[in-house]
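Next up: some structures, all given as structure tokens.
In what follows, chain A forms one complex with chain B and a second complex with chain C.
Right after this comes the complex of A and B.
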């Protein structure tokens, strides 16, 4: 069924995401998108393949979608659940945002955390005072993100059989 | 030859005075098409211009302003959204009542 939210998402589909980001809706449900953000170069996140889910409801674009990391993250603004604390996804949301602009913001959040309201206090403290330890913990999640990809590929193989 | 005109039909077209490639920032549809709630373009799905010069389909901006979290802000520049209508300037809940005053039955 076509609704305003679905029609808008079909238009979002035509906007190319920024470099290092890819996103697509589920084949049978345009309200749920999966995305991958590649960790930006020259940051501890470099080359990570971080997976996210984006869940829209019928109020989109007047209400923001729920954005959640599926990959394990070590970042001051990402909760253990994968949910993230990002102003434009909460009180600074605007209906002019789209999938591409959401993912651009999440991508830039990776290396530009907001320390004043941490979702992960340990990550925030290491980021502030122990940069090399912070980088090490982040690198662990980068390597883990590659393993997630391998698991996905195995799933695909099973489906083909 | 003398011709008696018994009947004639005048036909005219119009479009919004905005660049044709410009789309509504909320629904991403051209102003000469409808917002994502309407089916037929034209008078019943007009656009609204804000004092800040940003424009939207009326139905799109109203839906946004009706939501409490919008805080009556323009989605583009976050200034308080005040619609400009001819000489009249309306703001906040006035936009809504102005829009409700539209007679959609024509």
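Right after this comes the complex of A and C.
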């Protein structure tokens, strides 16, 4: 069945992802994607493997998809639930955005938070006033993202057996 | 493009230079009203009613729905007193004209096309001053930020293109399309996608930009892509933005009312409110509301208490919902009775039993002079019982207290709610009667002037019932001492007069109505007197410190 949303997602799939991000739809549902963002170099997020889910509906690309971190995050614009506060996913959405541009925006948000509308007040305060403590808390999430990765790989191994 | 849809042709002469928000046009309505007080002549004895200018001109309402406002005479009173709201009533049309004039002003000062000036103003949320300041500083930066193509740019304007099947693949929908639109930036999308994109954004009131870059779509682009009138819809949404920007502008809070009131002495409002006056204004559709609360005219209750009451009612609405129902059972024969007018004096159609809608008691038990049921009395027996049971635990005492305060609340809420729903029924009934008499005019040659008494009586009834309704909220927050007995007597008399006039509106036969003209006039006059008495009584109660504001 070809709808505008599905046609667009099939094209998004063909677009080469930018550096440091990867994404692909579930094998049985093109409307749900899993993505990984590698924390950008020279930032506290460096080398973290942060996992996200992207949920599209038939309104895409006229309406933005729902983007959510699955990994635990410590970031001024990410809620405890993993949902994130990013203007291009809300009022500044444009139908010309695609999966690659969404992930690029989220990636650059990591090191360039918007302090004026914090989703995590503690993270926002540390970011502003206690940089080293902020970095420390972020590094904890980076290490957790590696551990999660490892566990996942073990799960996969078990399943293969 | 039809005339009334064209923004720049919108009554262009009505406003001249209002970039600084000056108001020179004399034919606009300037109204000065205080609270209640000026409406009802309680405190306005010191100025002459006849001196008020600015009678509504019927022509002002040509485009307003049904023109209902022009049917009513405004009681205009001008004064320099500080406790009065000075304001102008605007229709949406007035505001569109105002924005149009502001756009023209900017386009001539900054030497831009009207279209570009409009985009810049929308981008700057109609803040002309900031726009001009920043434009003088660096015009190119301002234009680029707003997405206005800088003059002399080599790029062509917008183009509509047609393709054969298979020649164009739209980036947004990933489909082969034959009709596209391209802005001067070169970004090109199919018409369908563009149209959807625009329609999603028209309600924002903000500049709509190319989906891929910062170039703004102008009115011609919008109308071409999304259909004629789309740019006008954007202007209408801009009005919301404009009203939000200017705190001295207030939307009429009535449901679906598109009118706005501009408060000329905005800085005085806190003083007016702190002196327990209600800053009441009347919109172009004749809705009265308080500009401090953005709520219906709640005279004679001061703003703070009115807010408290409204919040309380909202919180307690579930408990009290049953009261609002419009059917009850006859206390004698149990047949169900529907209330069809505002009057609370009910007569059962089946058994002819007469009773009071509010308390379900025999109507005659209310006596002829006033209605007992409007007065809340602590039950003396309850008190005696409580005295006997002093061994009650603290918890039980507390529970009884809440019970009693709930009882008190329900008592007043009941009265308040009954009159609220009666107001609606009165309103319906009055319109029905007016319609009947209008029919009669056509067949019998009774003049419109002769039938005016009905319009005036209806208005008097609705106003007085509103005052009565709010007087129960007032009573709820009063100490149960001192003036309260007088207060309740005045209140009961007002209630009686309201029901009497309401009853008159139940006459079905239009000829009979006209025959009762004198009766209508007398009852209305009497009602207005009692309304005045009610308002001065509340003001006195406030002066004596009776209004505690406690639950």
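Rule of thumb we're sticking to: the second predicted complex is superposed on the first by the 161 of 161 C-alpha atoms of A that agree within 3 Å, B and C clash if a C-alpha of one lies under 4 Å from a C-alpha of the other, contacts with A are read in each partner's own complex, and residues count from 1 in each chain.
Rule of thumb we're sticking to: contacts are C-beta pairs under 8 Å (C-beta built on N, C-alpha and C of every residue); 3 or more make two chains touch, one makes a residue touch a chain.
Not measured: the values here are computed from a predicted model.
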Problem set entry | Room on chain A for both chain B and chain C (clash or fit) | clash
Problem set entry | Greater chain A contact set [chain C / chain B] | B
For this session: Using the superposition on chain A described above, determine whether A:96 touches chain B (first), chain C (second), both, or neither.
Result: both
Exercise. Does the superposition put A:128 against chain B (first), chain C (second), both, or neither?
Worked result: neither
For this session: Classify the contacts of A:4 with the two partner chains as first (chain B alone), second (chain C alone), both, or neither.
Result: both
Exercise. In the superposed model, where does chain C crash into chain B, at 20-28, 182-190, 254-262 or 272-280?
Worked result: 182-190
Seminar exercise, completed: On chain A, the footprints of chain B and chain C overlap at residues 4, 7-8, 11, 61-62, 94-96
Seminar exercise, completed: Residue positions on chain A within touch of chain C in the complex are 4, 7-8, 10-11, 61-62, 94-96
Exercise. Taking the complex as given, what residues does chain C use to touch chain A?
Worked result: 171-175, 193, 196-197, 200, 211-212
For this session: Would you mind writing out the residues of chain B in touch with chain A in their complex?
Result: 25-29, 35-37, 60, 63-64, 67, 69-70, 75-76, 78
Exercise. In their shared complex, at which residues does chain A touch chain B?
Worked result: 4, 7-8, 11-12, 59, 61-63, 91, 93-96, 98
